[in-house]
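Presented sequentially are two complexes of chain A, the first with chain B as partner and the second with chain C.
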Partner chain A sequence: MPLYQRLVPVIYILFLMLPIYWLLSMSFKTTNEILGGFSLFPQDFTLENYIEIFTDPTWYRGYLNSITYVLMNTVISITFALPAAYAFSRFRFLGDKHLFFWLLTNRMAPPAVFALPFFQLYAAIDLYDTHIAVALAHCLFNIPLAVWILEGFMSGVPKQLDEMAYIDGYSFPRFFVKIFMPAIASGIGVAAFFCFMYSWVEMLLSKTLTSVAAKSIAATMTRTASTAGYELGLLAAAGALTIIPGAIVIYFVRNYIAKGFSLGRV
Partner chain B sequence: MSIELKNITKVVDGIIHIYPTNLHLRDKEFNVLLGATLSGKTTLLRLMAGLEKPSSGEVWFSGKNVTHVSVQHRNIAMVYQEFINYPNFSVFDNIASPLKVAGKTPDEIKQHVGEIAELLKLSKYLDRDVASLSGGQQQRIALARALVKQASLVLLDEPLANLDYKLREQLREELPRLFAESGSTVVYATSEPEEALMLSGHIATLYEGEIIQYGKTTDIYRRPANLASAKIFSHPPINITKVVKSKSRITLPGVADWPCPEVFQDHIDGEYILGIRPHHLSLKNLEQSEKHIRISGNVQLAEISGSASLIHLRINENDWISESGGIHPYSIGETINVYMNLDGCLYFDHDGKAIH
Partner chain C sequence: MIIKTVKQTAWFFVVPVVLLVAFNALIPLMTVVNYAFQETFGDNVFFWEGLTWFEQVLNSDRFHDAFLRQIMFTSIILLIEVPLGIVIALSMPRKGPWVSVCLVLMALPLLIPWNVVGAMWNIFALPDIGLLGYTLNSIGIDYNFTQQPVSAWITTILMDVWHWTSLVVLLAYAGLSAIPEAYYQAAKIDGASRWAVFKWIQLPKMKRVLTIAILLRFMDSFMIYTELIVLTGGGPGNSTTLLSIDLVKLALGQFDLGPAAAMSLIYFFIVLLICWVFYTLMMKNEQQ
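On to the complex of A and B.
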């Protein structure tokens, strides 16, 4: 392979990695060094920022809170999206196409639209500042997405598979759990990934619906900037840690992710 | 298990898929449903399976009304044209699946699956993934699953249509034997007349959602009840033309005339329809036999199918096909003689009803 052909991907990857590198490098610097001027490597290498995050409850609680509601949301979304997607993929009923499209329209409004009604509603029924509040709010966006992705994967499985299972004597629940879910396992993985990612990165609703007890990492990160002056090193470390869960989750579905972006349709 | 369809119909969105149909299949018999695509073969199978409910009428198994019994409780097996297997199971688990659901012990399952796998030459692949096998092997897995269940009714929906030639030939021979040994009643849907003949047993000919005729395969082949049945059960297509009967002679206008067969004698004179299968128009010189008459025609096309020649002829106003064994090259436009076997002539009246 000629040199320039090898060079192109190398440069491409370098450009892609640059912001992430910058974030990592900042997270190992002191705030003074960051503010002091340009440096490619940490001159005064420190783990102080990470130690602070893992020891200060206001920081690590943020992560725990976020992970809690994200997992709750993912489980709820998939649990409800599975039967819904099955119905859309296997049955014809009155208004099925309209209903299916309506689901997707839920994603068309910006979260800001729903922030106020959710806030008011949750405050009224004592759900404000709980994990489930955020998890439920995110369902508004994640269930439609999961239904669309799962429906695509399910429609790729011939209906005869269902029939054959019934002929063999499987009851519906047993067929669904033992045969159908494994058959669309990659779709479930992809849908779960998308729910996880959306819920993990979403900031507005999580910030609006929590204050102390269920405060998310996104809220913690953005608030710190205005309290004790600029703690840039700390923020960079928090940012670097925020990338990790996504990276772990995407590893499991890396082979199917493209199909997920096309909502399961080939 | 005997199967009875009592006056069943199937209407979907105002379109009639099955006209009122009655059918009685006896216990342990091999039955073929023969008809073109969209003639309703699959729908009939699905109605028997219980995958679809009839719009009216009843389905009876061994004298019991099972119209509202669910698929799970009908004790049937089915093989689809497309190779349908459980994608996330190994070959062994695929074949074992009906036994597992029925709650058989692991030892029993192992033994049964082993026997069936041996029979269908799948023993080598039991640990493999289904997706890694060829189409033929996948279909054999589906057949194995149908066999291992020892269901009282086995439904086969064009199971060999997507297989390659060699494998199809082989399985065609084996299937009736395999299922005869298992003691199941079999219903086999196909669109190929040759396949139907080879499988033998009983046959029901279907045309546009109606059962035209039901009976022993050989009887129906020799004596189709009407024109539709004769057309369905003939490959290459049966030659059809108008003939005139007057007194004791039958005339194919401008071509030939021959004595009227006895069964036909007491019908009134007039126009009738003659159907003659291509293999009853022979290229061999059989003039000596009084059962054959000579007809000359113009070669339009000569094609070779397997080890037989199909000669498309223009005879007076009719386009006919003659089928003979061996390879016979002819040039287009040539005038040749063919010999029509009078015993092979089928006569129908205006409504297409057979005379015999």
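On to the complex of A and C.
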């Protein structure tokens, strides 16, 4: 590979890192320094913003609430999607193709369209402002995605595996849990990663469906704009902290993300 | 390819998913439909309005403008992100320790909450104290995304390219790494040029994943809301008011629920229609 070609990814990554660097740099500045003028590095290095987030319960609870509903959503989505994906990958049944497309259409629904009706629905069944409400609402787009990814991975497992297990006298649930799930473990990992990712980054529905008890970090962050002017340092610190869970998750699945994005069907 | 057996009882496996998704999809959708065809003054009293709201929305300049802006935005980001993503994927190392480093760093923007992406770009682009805005202004370019529509558009597109090009890179890279080494050796023996290798080996292998990339990017860019509302709020004026933002302004800002619901349905229908065309083409490709 010629040198100029090797530089392409390097330049791209530098471009990706610039705004992140700026966010980090801002988070270590005091509000006065930020508003005082331009500076490339924090002149007056401070951890004040982070300390405020970690000591104020209304702040750190936002993170805990978000992580709670994201994990709930991941577990629900994968549990429901596994049998469905199995059916789609192994059998032909009445309306299967239409059903599959209908599921995918829900991934296409703009959240802005559903925000208000969702609020009414979850208020009507008394789930408004609970973690489970957000977890269930996010199933709208995560379950179709999980079914799609898992179906791709399952189609890569030869059907002989099912037949062999049947001959060996495995009952279906035992075969599914003991043999089939380990065989598609990387697929489950990738699907879980995607559910985590989309639930973690989605902020419109989570903000609409929570107010106090299950307030998400997105809703918490809007506080910086309203109280005492515009606290940019605090906003930057809160933003920088939201990158961490994602970074941890990526590190664990780094060898599978490329395959997962192609939904297991390269 | 797995040969599927016909088995109607497979429906039992699918029922839980159907129930859960239908609960989330159909009830809100019916709420929207209710509002789209009726007028309400509260207290659950409804008056039939028929297609009035639909006509009103379809004939309004406001909807046309937002729709045109949306089409322009989606076309621009697709035209930038897809070729750029392919170029970057082609230049990435195939193996070695740098692959993981590249992938992790590139995937990072994808996992940042959307409101944080907007906020991050907002403080990055602020004309007086942001790195991008300050640098541009100090080298003599007049740039202020809160005042000038052109600057606002450039910032928005730059943000989207920053946020989502990695998705195309990851997909294209997945397609490329599935090409056996023997193909390249054969091309070398034949003395094929770099362009020929790309056109006859790499591009056909990437076709499927690129369709997925375009489909995902199309759907998501048509729904863009959170990043944009934090970055520009749809302004200055209405210059970056895309469909989602216009919809929320109509529904929550002015509380015009009837037209907002009608617009929701039209909006959803457009996305569905285009995705259906994509999906059918994709499935046709797969069967070949």
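Throughout what follows, the second predicted complex is superposed on the first by the 253 of 266 C-alpha atoms of A that agree within 3 Å, B and C clash if a C-alpha of one lies under 4 Å from a C-alpha of the other, contacts with A are read in each partner's own complex, and residues count from 1 in each chain.
To be clear about the criterion, a residue touches a chain if its C-beta (ideal position, glycine included) is under 8 Å from a C-beta of that chain, and two chains touch if they have at least 3 such contacts.
Treat the numbers as computed from the prediction; the structure is a model and nothing was measured.
With chain A as the common reference for superposition, the partners chain B and chain C occupy compatible, non-clashing space. By the touch criterion defined above, A:F45 lies against neither chain B nor chain C after alignment on the C-alpha atoms of chain A.
Look at A:M164: by the touch rule set out above, it reaches chain B but stays clear of chain C. In the superposition on chain A, contact of A:F54 is made with neither chain B nor chain C. Judged by the touch definition given at the top, the superposed model places A:A183 against chain B, while chain C stays out of reach. Rounded to the nearest 10, the angle at the Cα centre of chain A between chain B and chain C in the chain-A superposition is 90°. Applying the stated contact rule after C-alpha superposition, one finds that A:F80 touches chain C and leaves chain B untouched. Residue contacts after overlaying the shared chain place A:G37 against chain C, while chain B stays out of touching range.
Counted by residues of chain A touched, the larger count belongs to C, out of chain B and chain C. Once both complexes are placed on a shared chain A, the shortest Cα to Cα gap between chain B and chain C comes to 9 Å.
On chain A, the patch touched by chain B and the patch touched by chain C overlap at residues 158.
For chain A in complex with chain C, the residues that touch the partner chain are 1, 5-6, 8-9, 12-13, 15-23, 26, 34-35, 37-38, 40, 76, 80-81, 83-84, 86-94, 96, 99, 101, 103-118, 120-121, 136-137, 139-140, 143-144, 147, 155, 158-159, 197, 200-204, 217-218, 221, 232, 235-236, 239, 242-243, 245-247, 249-251, 254-255, 257-259, 261-263, 265-266.
Those residues of chain B lying in contact with chain A across their complex are 49, 51, 70-72, 76-78, 80, 82, 84, 86-88, 97-98, 101-102, 145, 149.
Within the complex formed with chain B, the residues of chain A that make contact are 157-158, 160-161, 163-171, 174, 179, 182-183, 185.
Remark: chain C residues 1-11, 13-14, 16-18, 20-21, 23-25, 27-29, 31-32, 87-88, 90-93, 100, 102-116, 119-121, 123-124, 128-132, 134, 162, 165-167, 169-171, 173-175, 177-178, 208-209, 212, 219, 222-223, 225-226, 243-245, 247-248, 251-252, 257, 264, 267-268, 271-272, 275-276, 279 touch chain A in the complex.
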